[in-house]
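The chains carry the letters A, B and C, assigned in the order they are written, with residues numbered from 1 in each.
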Amino acid sequence: MTLQTDADGRLVHLLTLEGLPRPVLLALLDRAQAFADGADARGALAGTAVCTLFFEPSTRTRLSFQRASQRLGADVLGFDAATSSTTKGETATDTLRNIEAMGVRGFVVRHPGDRAVAELAAAAAPGTVLVNAGDGRHAHPTQGLLDMLTLRQAFGGDFGGRSFLIVGDLLHSRVARSDLHALRTLGAGRIRVCGPRQLLPGEDVLAGCEVFHDFDAALEGVDAVMMLRLQRERMEEGLVGSLEDYHRDYGLTAARLRRAARGAVVLHPGPMNRGVEITDEVADGPQSLVLRQVANGVAVRMAVLETLLARR
Amino acid sequence: MTLQTDADGRLVHLLTLEGLPRPVLLALLDRAQAFADGADARGALAGTAVCTLFFEPSTRTRLSFQRASQRLGADVLGFDAATSSTTKGETATDTLRNIEAMGVRGFVVRHPGDRAVAELAAAAAPGTVLVNAGDGRHAHPTQGLLDMLTLRQAFGGDFGGRSFLIVGDLLHSRVARSDLHALRTLGAGRIRVCGPRQLLPGEDVLAGCEVFHDFDAALEGVDAVMMLRLQRERMEEGLVGSLEDYHRDYGLTAARLRRAARGAVVLHPGPMNRGVEITDEVADGPQSLVLRQVANGVAVRMAVLETLLARR
Amino acid sequence: MTLQTDADGRLVHLLTLEGLPRPVLLALLDRAQAFADGADARGALAGTAVCTLFFEPSTRTRLSFQRASQRLGADVLGFDAATSSTTKGETATDTLRNIEAMGVRGFVVRHPGDRAVAELAAAAAPGTVLVNAGDGRHAHPTQGLLDMLTLRQAFGGDFGGRSFLIVGDLLHSRVARSDLHALRTLGAGRIRVCGPRQLLPGEDVLAGCEVFHDFDAALEGVDAVMMLRLQRERMEEGLVGSLEDYHRDYGLTAARLRRAARGAVVLHPGPMNRGVEITDEVADGPQSLVLRQVANGVAVRMAVLETLLARR
């Protein structure tokens, strides 16, 4: 029993992929695959209200959850706490409890603070369900799930015989952390990470990974290249030189991609900095699964919301 | 016949609780209680469009009306006139008439100007329905109704034998005005008000109330303590000293609350300034009905929208 | 076959009224008239998602499309790219493709750039449908259609025997361009345009029109006066003197309107600058069809969305 699973091991919130039992993770992926294949569930959440509660703006993730909610027949409410003048110094917990009191059962929460969504979940009333839509650099579990669904579609479920490479600013990336947790749970054969020394986290995060600083070396023979977005603020913070330097060292070009295994796939969580961490040729090329990831995002979020909120 | 009732005494808009006939008010509370108890009316407003037309921002009130509309099966449209760059100098009346022309019948209107919603109602086409979601310091009738519903649940309808205390900045408060109107209509036994001299309105507003400036004295034996939010701008205007001073004089603490009657209830319209007008201990304590108020808010707004908009 | 019609001449996008075949235009108007008369089509787009993708803000147009989508039973998603911080340098094409990947089939797009919506349509996946909700000064086809529907209701379809006058800043007006295209397609008898020399476009746009700079002369005997909104930025650009000057020369007053044919109708796309290009007396007078235009806007947008998106 954890904050996100009950005594019977059933999911009650989705806060992180860390420690999520393999059967739970696989069940979510199976259900998501059904939705990706077009399964209809429009009545599943009829009459149920889902609130997107965003303390940090993100139009794309919000839209994806909104579309998932619509396909399940839920009523959607949006609370953009990042721009709302009406929170007026109210705590995040008070905001949650208020919307909860309005009869809203499901919350999709994004927050700039590490573990902030788990803190809110701990304060929520019984029966209320929280989905972490990204908190600080801590976790982005639905992104991790959609990446896994995308990889599973590519590899047919055989993760043990495959090698995976995550590239870029892993230090500040909740996507990388959630991907790493899921890859380990699914028994990934080899996990490589690559990035400039100052943008890689410590052993606690990278346990079991092969660490590279040379992108060309890291790419050799890998089956999946999972690029991360370079946040512009890394330059202001002096952690990265110019965009040109970053592109030269860590930009994925078609030439570079040829070092990977034949038919290797390329993922990116978006939005892409074209010409920085990825070139147009790769982003729009036959090995790119970027749009497949977006499509899978809706399917994964449907699976998560249905699993958590549908009356059993 | 008034602007908000027709020749048969039926409600056609909800603009203020002032002068609202007791039977109309009671019918709204009865219907709201049914919704609070879970009555389903998802088909009641199917195909009917409700627009939240806010000339002053308020995410919480907007969400509450939105949830109420969803539970009635209405289509919801949002017009945030406070931030819209597209009103481009258009008058509020033109904005209303335009959305009305789009086939929208119900309008939930918030406006910074006193009586602004009544003015809009006077300009609306026949069949268009307006609900005042707060205008200036004039009225906030659905807040008044939800407060009454909450008090009625606590006291079982016996208002005559009870004493009610409203505390804080009544001068600038539309909530206080709507509460006072409703309490009088429902035959409240005693009504006390308490606040610093410079934040209390005149006799026109406070007719029949016992006026206190000493919070401890005012609390003696009351059955309900209705706290108001302190707006920070009162300090900038020099009407209030420091937050510390205000808390010392008018903050509701657990110690102070013991002066009230045994089992006295505490209300607050939210959002709360914790540590200023109310302490955590009281806000989250067993006598606090704050979250019950929020839940009742949806039920009351359902009753109002259904009463005004459902085809008879 | 064009970007907006397929090999069978069927509409696949609505990008401009220029070159739109007369039968297609008439079919849209006929279907819109049915919706204006109250035809129900709530199931037509059930399960279909429509995204309003606005790279330039416009609350009114967005609301009109939103209402149209609701009346067709579609799921609506809103992406306000103008204020979204999350596009983060992403190209409009990437934004479109991403939302498309979420399973959204219909896009209502507004963009500040001329022909920007056609460019997006060229990049869209097969099966994706775009409706131009205004791009630069190029086209605003649903405004053109609603103006035609309004005029047809007034004149009973007889455009050949009628004279039409468009007044104001035609140079910067996508409304004027779309109106001109539609009027020609529908065989308007005479088309006059009137405005200050520096606000009229060239012969390419005005082919076949009678050009006036004197408003009084232009008005003589016309059956329809189609006013344009004066954008305040024209003054900052030095293209127009004071508002008073503009009103004196090109403001439609009741006195001036008497120069037009008896029973002439007045249109304005809104929002109106009352007291500048139009007086209250005219805007709210018996010859004004301004609110009828707004009502027709929903009907026209329903017809367009249904035509493009309903499964055949």
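The definition used in the following text is that a residue touches a chain if its C-beta (ideal position, glycine included) is under 8 Å from a C-beta of that chain, and two chains touch if they have at least 3 such contacts.
Source: prediction; values computed, not measured.
**Q** Shared numbers divided by all numbers used: is that above or below half for subunit A and subunit B, i.e. same or different?
**A** On the two sides of the subunit B and subunit A interface, the residue numbers are mostly different, under half being shared.
**Q** Considering subunit B as a copy of subunit C, what rotation angle in degrees (nearest 5) results from a C-alpha superposition of the former onto the latter?
**A** Roughly 120 degrees of rotation.
**Q** Could you put a whole-Å number on the gap between the CA centroids of subunit A and subunit B?
**A** 41
**Q** Give me the residue numbers in subunit C that touch at least two other chains, ranges are fine.
**A** Counting only residues that touch two or more other chains, subunit C contributes none.
**Q** Using the touch definition from the top, list the residues of subunit B that touch subunit C in their complex.
**A** 47, 49, 51, 75, 77, 79-80, 84-91, 94, 97-104
**Q** Can you name the residues of subunit C that touch subunit B in the complex?
**A** Those residues of subunit C that touch subunit B are 42, 57-60, 63-64, 66-67, 70-71, 270-274, 291-292, 294-295, 297-298.
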